[in-house]
Amino acid sequence: MSMLLQESSAMRERLMHLLAGVLPEAWVGTGVVIGMSLLKATAIVLVIQIGMLYATWLERKLIGRMQDRLGPNRIGKFGLLVPFADMIKILTKEDITPRDAHSWVYNLGAILILPPALVGFAVVAFSSTLIAADLSVGLLFFFAIASTAVIPIFMAGWGSRNKFALIGAMRAVAQIVSYEIPQVLSLVGVLLLAGTLSMNQLVGSQGPLPAPGAEGAVLPGVWYIFLQPIAFVIFLLATTAEIERTPFDLPEAESEIIAGYHTEYSGIKFGMFYLALYFATIAAAAVTAMIFLGGWQPPVPAFLIPESGPITDFMYNSGWLWMTIKTVFLVMVFMWFRGTLPRLRADQMMAFCWKILVPLSLANLLVTGLLANLLAPLASPMAYLGAFVVANAILLGITLWAVRRWRERGSSGDFVFEVQPAAAPSGVGGGD
Amino acid sequence: MEQLAFGVLALLTLGAGFGVITSRTVFVSALWLVLSFVGVAGIYVLLGAHFLAVTQVLVYVGAISVLVLFAIMLTRDLMAEEHPQNKQWVLATIVAGSVFGTLATIGYTTDWALTWPRGAAGVASTSTETAASSGLGSSAVEAIGRSLMSEHLLAFEVVSVVLLVALIGAIVIARD
Amino acid sequence: MTPSIPLWWYLILAAGLFSLGLYGALTRRNAVNVLMGIELMLNGVNVNTVALWRYITPTAGSGPAGAGFGVDGQVFVIIVIALAAAEAAVGLALIISIFRARRTVELDDFSLMRG
Amino acid sequence: MTDLALIGPYAWLIPTFTAVAFLVIMAQIWTGRGNRSSAAIAIAGISASAVMGVLVFLGVMADPEGLSHHPEVFSRLPWLPMGSGSLDFGIQIDPLSAAVTAMVGIVCTMIFIYASSYMEGELKAYTDPKTGAVDEALGQQRYARFFAYVSLFATGMLGFVLASNLLQALVFWEIMGLCSFLLIGFWYYKPSAAAAAKKAFLTTRIGDMGFFVGIMALYWAFGTVDYDAMLSADGVARLAGLGNLPGTTIPLVTLFALLLFGGSVGKSAQFPLHVWLPDAMEGPTPVSAMIHAATMVSAGVFLIARLFPVFAALSPVDHPSDISGAMFVVAAIGAFTAVFAASIAVAQFDIKRVLAYSTISQLGYMVMALGIGAYVAAVFHLLTHAFFKALLFLGSGSVIHGVEHGFHHDHDHGGGHDAHPPVGTGASTLDPHDPQDMRNMGGLASRMPLTFSTFLAGTLALTGVPIFAGFWSKDEILASAFYKAFYEGETGLVVVVMPLLVWLLGTLAAFLTAFYMSRQVFMVFSGKPATAGAEHAPESAPRMVWPLAFLAVFAVFLGLVGVPEDFSILGLEVGRLLGGNPFHHFMGTLSTGSHFAAHPFNAVPAALSIGAAFSGWALGYFLYGMEPEQARAADPLARLGGLWRLLNQKYYVDEAYDATFIRGTVGFAGLNSLFDRFVVDGLVNGVSMVSERLARANGWVDRVLVDGTVNLVAYVNNEMSRWLKYLQSGRVQQYLLVVFLGLLALLMPLVL
């Protein structure tokens, strides 16, 4: 795939010749553009597709281990072929459309659930050169696309004409819309420091290697997870909610509402939702990696990278490797969540968003803005690092103290996650 | 190429708009609305206002449509189909039609003082290089930000206050 | 990008959106639908603004020099969008509370003020 | 000598200290815990102010001429931004303000200390004189309130003295007016006290009106009321250049000066408006002391002194003391008041009343001194008089205190001492229990030795016996009058006759002063006690006596700072010690830069005034000192008959005012009411009758024509609305439709 994108110029030549035979002159340019986009898209989708398949496998393995099971291990070595078996199974299932469902909306919902999850990848930089569209509004673009995910969910929930589906859709939408706020707010701090919305520049601003087109090394030159730990935590949690993974998978809370908005779907339509879930997971992991873990930047400080030589070349060309490692790691973190954390109650979920994450992210934004202004004169990564770590520590301390106070006063116990056998469906006591 | 894109987008937008006002089910017309929003976003891209396009998607598709859908969910018995139009639809057709006619005629017959494509000073070449340093294309974010914070600061502040008021007002109104 | 599209295309598109929205606002019984119509009208206006900015005053708001493209049109549209969001929020809140009170959102039923 | 640059910036603290004290005490009262501590707070405040004041004074000593010429204004802060410039709130410091500030500070401190003991009667549970209801706490509250008031009073005076422009001055001036009202009426449950308070307030208000109008006129004509703009040389020149009042030959500046003078006439009780001051005796004695010595009345004189350049605007700069028209009036009023009041004092029996009239006459002295341009002498007398008059008042208070205790000790009839003091009328009819009537005293010299000695010192000072303070200041006034009359070359009625008049009247007043003061001393202290009250009068508490002693020192020695240089031995000695005539050197320059030449010492006026003083004492001794008992029993002057009654009744001025103004007003009102009843009512009735007739006619028209029309209109409306109501369907969308129809109507012309 890297070949594909890197040699895209050659590809364009070939494509132009090829089209020149078929199309009238006027349309060749158009054709080439469209063709190239198609090719890129295909490439990405292929990679993601495979990634997704093995993400399912990985998840089963991991969860299995966490629960003292082996996980899939029959088909193929280590059950490596299980995903394909699943695919075949899903494809061969009967495709049902309930009689009373609003067939158009019902089917469209299943189809449209994919694009939001997929299009996001357009701005994901697998390496400094390996990015489909390095929009200067890349980050914004990603979240704009992600925010459209609610429409197909609504369609699914409403179209299948099923109370549980509808409730699931409502829950999902409420949750997504709510958690978008802390998600984006927690990023503003990072953007403040990076001063760009372009993914490549963002990544370039936090590592030893400059982004293409960026002159010199850009401050702060540190992974933002170190500068903005609290923002990272907020973002991670909010993202987990956005992609409806445990502990925020209320929309599919099987013990309450069967399977949420895709209750009525079966066969490949259900597979669509399944795909979308994993695409979203991978996309989220990739974006998180790019924003906070320095994307394609090698995990080595600048002074270890010589001026030139094989190491340098390797560093410059191995972006995709680091990116993949980080992404996979984050995916595993999501799975780890799922393996360990119990599902929240609806009210807890909301309260957690509005009463903790939003205020905290606002406070973090305030602190970051102040520091960024104060530290502007002394432009050394270390100074940044120290100041921000201290500030975040203080902020965290204050937050924890406040939460404890609230718990003691019991004034807003609704976001205190004590065991509530009646309400906590997973039956497992909550840990905060 | 661009005509093609415009054609498609225009068709999309207007068709979706038509769907909004004709479909018998509120929910479906809401979906049409979303579609036409997306079309408008595309038009923005054509016009070189990428940031606007993104904003359009973020706000209209991501937020306003969701509001609408929620309102529908909370106020309708769901799949109900009703006769969408009220009694004055004939008159309304005439009025809307003539409004369209008027606007269209004005838009078509007026001899606009075009500075583009002929190009005003410094705008003549709108290749990506110049665009990068200007308010055009996807690189307008910074320019827009500065403009909002400098010359349009007042409007910015006022809108912020309006938003806050709307927020509180909506909560107060909708709370039972 | 070379301007292969004449301005009036955009203007007519905007006019169409506006009129469609107007028709919706005028005829639909359901308050939510009326709101949608209004949103459509707003979008029409926005398209108009952006088009006119792009074609007639592209340099407006590009700083003192006036070189390069300005952003005034976009800024105006952004402000309009923000206001539209506010309007939608309040409007829908109103609809919901009315629905609570009257169990209906048919505008024809809201005629307490009839003479 | 402190450095003004150091102390000046903090001069604003001087009035602030007392103001803070006032606020604190008020807070105490509001929270209901006013008590003895209030007095402590007040004393702390005023003594702090006093210390600051003295420091400032010392600071000024460094360069008096310079400061007089260019007064320093500290801590300016824009206060009323108006038109061109802004009216600044500032603290003006020059020899005049510094000296007066120091004086006020010291005297007030003494008075406060004295009062803290004198007012203790209030601390007792307060019994409402009407209902007889007893309130334990209220007494303490009233005690506290008293000190709050006096603190505010002191604030007013200090702020007024230090003000840097007329408007600021007016503010504090009015604060003083308010406080005098509150304090004179402190025993408001006594009808006489309430009446006196009102009288004082209204009478001074008349003067203040003039003052206020004067300020506004000045601002209108001059554009600013800032002292340093107004009183500087060119400022005065501009004032003089303002020309005449349109259509008359009166220079505007003279008019302004006289308007402003109205203020001081009211405040320092000059002739037409003097009536309030004697009645102000109704207040507690410390208040009388404050009003008479330190604050209120001095304020009036201080105002003239401060604005002296305006009064002297029309006289040449090198001769600021030449008499302009305004000054002529001032001098005339002052001189008249001096003799007038002194003559009244001769025939009074109320110990405080005598002092009150003496105050008026002394103020007359100062005013007339200013009137003839004896600026330095006037200020000098203002300062000395403040000290010994305060001393005298406090002394009389101590006497009253003692006599009253004597009465109580004799037979305990209830009531606190000053809590319900019998009204000291001083009328010829004798109330045997009036502790203020001198005829009930006598023989107190042996019983209240300290009070006696200090009081005597004060009297000697007042009567201008050589060496004592009063002598020097009073003599300087007479001397400069004499000098003007005979030595300065000018001729003409105003310039020669006025000083001559002033000199003669002044001497006469000096004689009268000596006479009535000796009369008082003999009646009060000599011989055998006339009543049980005097019989058992004890010496007052130390906290009342020591202030007397302190003030007595000043009364004796303060004069020495103003000894003429070429006065025989003493002058030379003092001159050698203090360098020339130090006070003259200190005060002798005006803000216009013009300097007053110290007149060479002349034996004639000095001899005459000494003679007057001694003859006054001699006459007093002859009439009252020989056998005081029968003098107390039947005043020897009563043989004068009509004249005696005239004096005793204060020339019937009050009665005259009553007859003219008050009766006049009432009578006029009565006239009006008559006019009302007959003419106006008659008219009204006639009109009403006519209109009734008309109304009958109208009625018919109404019923037939008007109603018909109205009903028709109503009917038409009704019918129309029956159809039109369908337009208002209450359907929003319909309205919207109409709106867009209208829009189309507007747009269509554009296309078609």
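The letters A, B, C and D name the chains in turn, as written, and every chain counts its residues from 1.
The working rule: a residue touches a chain if its C-beta (ideal position, glycine included) is under 8 Å from a C-beta of that chain, and two chains touch if they have at least 3 such contacts.
Source: prediction; values computed, not measured.
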item	value
Neighbouring chains shared between subunit A and subunit D, ordered by label	B
Most distant chain from subunit D by Cα centroid	A
Inter-chain centre distance, subunit B versus subunit C - centres from mean C-alpha coordinates, in Å	6
Euclidean distance of C-alpha centroids - subunit A vs subunit C, Å	32
Mean-CA-position distance for subunit B and subunit A (Å)	28
Interchain centroid distance [CA atoms averaged], subunit B/subunit D, Å	79
Touching two or more other chains - residue numbers and ranges from subunit C	22, 26-27, 107-108
Where subunit D touches two or more other chains at once, by residue number	733, 737, 740
Contacts with 2+ other chains: residues of subunit B	1, 51, 55, 63, 70, 86, 88, 92, 95-96, 99, 106
In contact (per the touch rule at the top): chain pairs	A-B, B-C, B-D, C-D
Residues on subunit A engaged by subunit B in the complex (per definition of touch)	27, 29-30, 33, 100, 102, 104-105, 135-137, 140-141, 143-145, 147-148, 150-151, 154-155, 158, 161, 166, 170, 173, 177, 180, 197
Subunit B - residues contacting subunit A, complex	1, 4, 25, 27-28, 31, 34, 50-51, 54-55, 57-58, 61-63, 65-66, 69-70, 73, 78-79, 138-139, 141
Contact footprint of subunit D on subunit C as seen in their complex	22, 25-27, 34, 107-108, 110-115
Residues of subunit C that touch subunit B when the two form their complex	1-5, 7-24, 26-30, 32-33, 35-37, 39-40, 43, 46-47, 50-52, 54-59, 61-62, 65-75, 77-79, 81-90, 92-97, 99-100, 105, 107-108
Of subunit D, residues touching subunit C in the complex	724-733, 736-737, 740
